[in-house]
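Shared between the two complexes below is subunit A, which has subunit B as its partner in the first and subunit C in the second.
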Partner chain A sequence: MNYRMSWLLAASIAIASPTFALAQDVLTIGVRSEAASMDPHWTQLSGDTQVQEHIFERLVGLSPTSQPIPGLAVSWAPIDETTWEFKLREGVKWHDGEDFTADDVIFTYDRLRAGVSGAPASPAFQLEKGGKQWTKVDDFTLRITTEGPYPTMAEDLAMLPIIAEHAASGVEPSVDFNTGQAAIGTGPYMFEEYSPGSQITVKKFADYWGGEPHWDQVVFRPVGQDSARLAALLNGDVDMIDYPPTIDIPQLLEDPNFVVSTIPADRLIYIIPGYKHIEPFITDAEGNPMVPNPLRDWRVRKALSLSINRDAIRDRIMGGASLPAKNIVPPGFFGYVEGLEADAYDPEQAQALLAQAGYGDGFNVTLHGPNDRYINDARILEAIAQMWSRVGVTTEVDAMPRNVFFSRLIRGDELSMPGFDVPEFSIALTGWGTVAGEATYTVSGTLETYNAVTGGGNGNFGRYSNTEVDARSVLAKRTIDNDTRRAILEEAITIGMEDYAYIPVHFQVNQWGMKASLTHEPRTNERTRAMDVRRVE
Partner chain B sequence: MTEFIVKRLLQALLVLAVMTVLVFFGVNVIGNPVYIFASSECDQPCLDAIIKDLGLDRPIWEQYWVFIGNLLQGDLGNSFTHGVPAMSLIWQRLPATLELAFCALVIALTVGLPLGVAAGLRPTHWTSRVIMGFSMIAFSVPIFWIGLIMIIVFSVSLGWMPAVGRGDTVDILGVDLSLFTLDGLHHLAMPAFTLSLIMMAMVIRLTRAGMREVLFSDYIKFARANGIRERRILTLHVMRNILIPIVTVLGMEFGGVIAFAVVVESIFSWPGVGKMLIDAIAVLDRPLIVAYLIFVVIMFVTLNLITDIIYSLLDPRVRLGGNSS
Partner chain C sequence: MSGTVAHTAPAPGVWREFFRSPAAIVALATFSGFCLVALFAPWIAPQNPYDLAQVDIMDSLLPPGSESWTGAPYHLGTDGQGRDMLSAMIYGIRISLLVGLVSGVIALAVGTVVGLVAAYRGGWVDTILMRIVDLQLSFPTILVALILLVILGRGVDKIIFALVVVQWAYFARTVRGVALVESVREYVDAAKGLRLGHLRILFGHILPNCLPTMLVVATMQMAAAISLEATLSFLGLGLPPTRPSLGLLIANGFDYLQSGRYWISVLPGLVLLAIIVSANVLGDRMRDTLNPHL
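After this line comes the complex of A and B, so read on.
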């Protein structure tokens, strides 16, 4: 180990001085969150997948804006209402030289179906969605059947990393992947070392089907502290960092030695109003709960939206790195509605709307939210509270760590209905990431009426319910034809958002800071990958 | 001595039992880890499946019994986040924290003792005021601030020191240590110094106070009257007597430093157990939190025991067990 480390050191010194153009070209990335496991089926958290993506690939890849592109499958098409056929790529080698075939895909599926016990974030728990059944037609053809029409098959498969049957049969989950024994993939980089808390290294796989990778070695170093991560970039410990602190972005932009790459993220930050007849955290001047809950009136919701100065939040809090929104998926995503513009700041109209709805004297709300989950979340909460208070809705903020927040957001009031998810908050700020690059599941998750059986509205924590949206959401989930589905989704989104089902604030913007000698193609899905980084010639 | 140790161990078991109850139930009150881990696509049947898989659907006392049963077999469970046994994670990370704490202790003693002696010998001299001022600052300024300032000055502006992480390691008896490589020491310097500051301040103050007290005691006056050289008085008679409170306090403090070097480890991205604990709490990785806290209890009990033994070696008047007759 020591030998390898000194090698690494020697290599990095050599790279620092261009006259010593050495064989080893190493990229060191300082990342905010560490990969917790090398087992690609252990979690789907971004910090884990971004490292695993170097080693393991999926049947369907994702473009920088999260649209499906060929991965280990070269093409796919529905052959009838309930069957998809996938053609696999031929001539793909595993890192140990074996050939990749359909058997590996079936093996991967079987492993997931059996479940990865003890892994609460495993994709195994969503595998059964649509009742998928996988069958091998020949070595390079697969069929997947579902119970009903299932349009988002490619998006689903873009979440399932394929592992090698010969390397991962009967191994212990997580443990044997962390040692590298089972961490045999088809990706451009091979497992080299996993040293928790310290670093993860992968090295070039010269036989990669997509051509020779650009870096000889890639080192991921977890640096959780924002300012320390920036310091590591500034003093040259690392070549590139994710999530540079927003407050320091202007300084980075001015420095000729560094560049910043930017792209809107798939993560929408929004405010969920509660729709119960009486909400405990919505009170009148005397502190009594109001009947009916004023948030049920769309004019009140619109007023709350109009009174948020999104540009000020972007410029003063986010360091310019946010995209004010009314859409629920970012530009470039399937289902993005052109012309659905973020509400402009208009406190007068907000007050007029409140008066029209009969709340001219205002009321009191407690706005809940996390303080360690989204970029600058606590500061956004405070800013919004001030903006609302200015138009007469006296707002108190209750920010809490995410480990408390999400339990209460989703199931905080469980005692009123044991065994069911009953949200607690009356109005709360949270975020939603459209990982799949496709709005079907975002519409179904956030706009559809909550239904524990069908899974509709599983992220609808305000319990918004609108039959017009529901009808379209359910229809979209059964519509295979892309153009038709897109039209249905756009309708559903427009209806829901014009009704202020919830109040979007902005899309986060992903940023990376790196040495000026590098160029980076950023990704909407927040992943930091060496494949997207090149040296400037 | 044996009787004392046996008694102590029995007490430790009791403490441990109480701790498991407190920790286990305490951690369960915070929130439900399932909602942190599950993806947003996870609907209610999926959530229920996860809850069942983790055994969280069972009543809490039943979970506790399962936990105790496994604990008695030496199994503290697997981490939710990492999927590997919680204890293996702790062992993996402990050397980094231990060497950090050890270096901090060495720095605190090698710098703190001489400064404290100097301050104690000439309490009114200006140097002693400077020293006491320094100890006051080291004591009261938050260490995360000091750490960040050190990074900005020594890493970013001057470029002398690496900003984050641990350096090269060598394998010594199966443990990876960075203490014995140049690069390792280079990486260790700033975090160890930052971590040592509070201990150092304490050593300075305790030494000074001890000096003031001991220097005027009868046996020192007597030794001086006997014509013993001042250096011998200081190193043998004075030191030996002022070390007792210092050892006691440092013994307790050292445990705290190991257990909760969280701040320093977070700032310098030191791959130690403190940082691991913070990460575990953030995502409610219950098995890891519980395993770590139980490990800390065992460590504290052991350290206190060791302190007591050293104490008795330093001062033969102290008889362990309190039975002097």
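After this line comes the complex of A and C, so read on.
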């Protein structure tokens, strides 16, 4: 027994010795959410796409601040009112050595349009926006036409990973990607292993068009529990983690062995009031439904906003890492309105507004939200419930896992049917990421009246409806000139937010914790990627 | 009738025997103390931890012995939401004991009836009932409870229902075993000879003789129910986050352990430990003194 133990010990020392480690430069990342599939058209969850981005690329890439940059396309320009022409990059190789051409792009877009069977949230809707049609001009030129002028073409195509025609023809969605058979991309890293619950591994693609990748191998290890993920970093199991627990950031900052990277995120955390005439989770003091639903009165919505102490949430819950907001896209993004300042905490005015609206005696609401999606989401829910309760709006919290929450948020009501989603919650906390770095589809998605046919209001789960906002949103979607579009968007946002269409809380600030021997260039879109990490000696 | 009951019922000397163990006395005192705290929670607790208007996020994460900005003392500190830990624990004890006792009593009632009927009737009734019990016992309790709560949603009533569902089979199995032995004894034959009704024989004659066993199993199962409730709450099922029970308090504090804020997890953990250990010691001592053959 003793003999065997010492032998094991010797073996583990040999494995851990530095000479052995140098042979392969491996980066191990502890991630909060595991990738559910290696099929890049399966979902749009950042936990999935951040891993897939190592393998698959898009025509248009995104800079760290989510602005479009050349990807598999080197340039693009409108050639008339309704046509964009994309010049593709030449000399790009797939991981199995085949050449990348326009046929692969056509194949990818056709696959998306035909529908990826079983995919819970395929990004195919990006192709439906504007009624896109695509044709190949030659092997490295592609034209995309739309029904009308379409300004945000590059932003849309930045959401669509290109897959290989020769590798992915006729394969079973998701399944054959997870075995690696169809997971052939053009990205800097190649598929190596997909073991759900344990780890996902990618390895260096030496022939990458952008130069040799920095790491020999990258391992993504899912550690869902916040403190366990931090512990994995502290004890050296992983080199880097995403979402370090905010409460432990000061401890990490003090420790010379670790560094923290930080960037304001594109994700707005906000509260959606329900606009139905009668809302199920809003009752008067006796527990009876209220007619009309008080949230339809803008004074009530403003009162709810004024009673939220955003600075307290930032300082006491978020560890100082949040940006209180009234804007819907973060500073620096296309469509950020300078004059929109986050509401200051003012419970007296909130109570006065409630009294003015005829609800001086308060009412009861149930605030719904996820408890595993956004940074400290359950704690924010509880804090807001406290703040509302203190101004007389007695608030119960119902926090639930994200998969339950989002399906109920989007189409939870019994009246829901395909093409006519009816949200269930009366008031709920959720988040919206402006992944494209541009406010057009944030305005259209969250402020425009819900319309399943045009895709307008696809994130408007409270069913807010305001013709003044609608007119501007529709116009912005057809305005190619950037300055004109920016002005229209800013008007739409100002009108919507002065009306308290919804109640912004803050923008998340993303943080990563890593060993001091690493540097990381963080991204506003939350993705954790090995391409942004370097070893410094 | 009293003559027939005397057969295994506790003699007066049993209580003297029970109190011969110092551990049992301490356990009884501890457990009674917790019961009193639970009963009078609203009058003892400095704050109503479930009234969100009384909880202030600005007082969050204060260590034991701190004061709020209004000067009110937080003897055991506050949690991440600024809730007074002392009050939260007092109300948490209340939920834990309520859930443990109520689910224990209901499961005992259901299990007893099933066990008695199975033993007394025998034959296919016994077979069917006991196969259902076997089926129930073959699933891990935590798994069944988790699935039930996912389906049912949140609330004290739902968690009690889930605990009854996972526990009644233990009682049924035990009561049947004891009742099977009792039902072939002479006094039962005598009662049958007197042409007494089945119900009267079952509940008037056999049941009292099963009581010692039931008492012991019930005490043990109550401790198990309390810890199961804490487990489910720890996993985030069962009760809403604004009405924390002991398990939920421990879970909430878990995230703060690495930053040195031990009191949010450790203090409710100690209370839970004390409740479960004292209930178990009571059960053990009862088994030793009542001496049922389990």
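Keep this in mind: the second predicted complex is superposed on the first by the 502 of 537 C-alpha atoms of A that agree within 3 Å, B and C clash if a C-alpha of one lies under 4 Å from a C-alpha of the other, contacts with A are read in each partner's own complex, and residues count from 1 in each chain.
Note that in this section contacts are C-beta pairs under 8 Å (C-beta built on N, C-alpha and C of every residue); 3 or more make two chains touch, one makes a residue touch a chain.
The structure displayed is predicted, hence computed values, not measured ones.
S.K.: Go through the superposed model and pick first if A:433 touches only subunit B, second if only subunit C, both, or neither.
M.R.: A:433: touches subunit B, not subunit C.
S.K.: Under the stated touch criterion, which partner chain does A:231 make contact with: subunit B (first), subunit C (second), both, or neither?
M.R.: So A:231 meets both subunit B and subunit C here.
S.K.: Considering only the touch criterion stated at the top, classify A:49 as touching first (subunit B), second (subunit C), both, or neither.
M.R.: Neither partner.
S.K.: With both complexes superposed on chain A, which partner does A:407 reach: first (subunit B), second (subunit C), both or neither?
M.R.: first
S.K.: Would you sort A:528 into first (subunit B), second (subunit C), both or neither based on which partner it touches?
M.R.: In the superposed model, A:528 contacts neither subunit B nor subunit C.
S.K.: Subunit B or subunit C: which reaches more residues on subunit A?
M.R.: B
S.K.: Considering only the touch criterion stated at the top, classify A:199 as touching first (subunit B), second (subunit C), both, or neither.
M.R.: The answer is first: A:199 touches subunit B but not subunit C.
S.K.: On the A-aligned overlay, A:221 touches which partner chain: subunit B = first, subunit C = second, or both, or neither?
M.R.: The answer is first: A:221 touches subunit B but not subunit C.
S.K.: Just subunit B (first), just subunit C (second), both, or neither: which does A:316 touch?
M.R.: second
S.K.: Which positions of subunit A sit in both the subunit B and the subunit C interface?
M.R.: 227, 231, 234
S.K.: Residue numbers of subunit B touching subunit A in their complex, please.
M.R.: 30-47, 49-50, 53-54, 78, 80-84, 89, 92-93, 96, 148, 151-152, 155-156, 159, 162-166, 168-171, 176, 181, 183, 266-269, 271-272, 275-276, 279, 281-284
S.K.: Can you list the residues on subunit A that touch subunit B in the complex?
M.R.: Interface residues on subunit A, with respect to subunit B: 1-2, 5-6, 9, 30, 34, 36-37, 39, 42-44, 115, 117-121, 123, 125-126, 129, 173-175, 178, 195-199, 221-225, 227-229, 231-232, 234-237, 372, 401-411, 420-421, 432-433, 435, 441, 445, 452, 454-455, 458-459.
S.K.: Looking at the complex, which residues from subunit C come into contact with subunit A?
M.R.: Listed in rising order, the residues are 51-53, 55-58, 60-61, 80-82, 154, 236, 240-242, 254-259, 261.
S.K.: Quick one: which bits of subunit A touch subunit C in the complex? Just the residue numbers, please.
M.R.: It comes out as residues 226-227, 230-231, 234, 245, 247-248, 250-251, 309, 312-313, 316-317, 371, 378-379, 381-383, 385-387, 389-390, 394-399.
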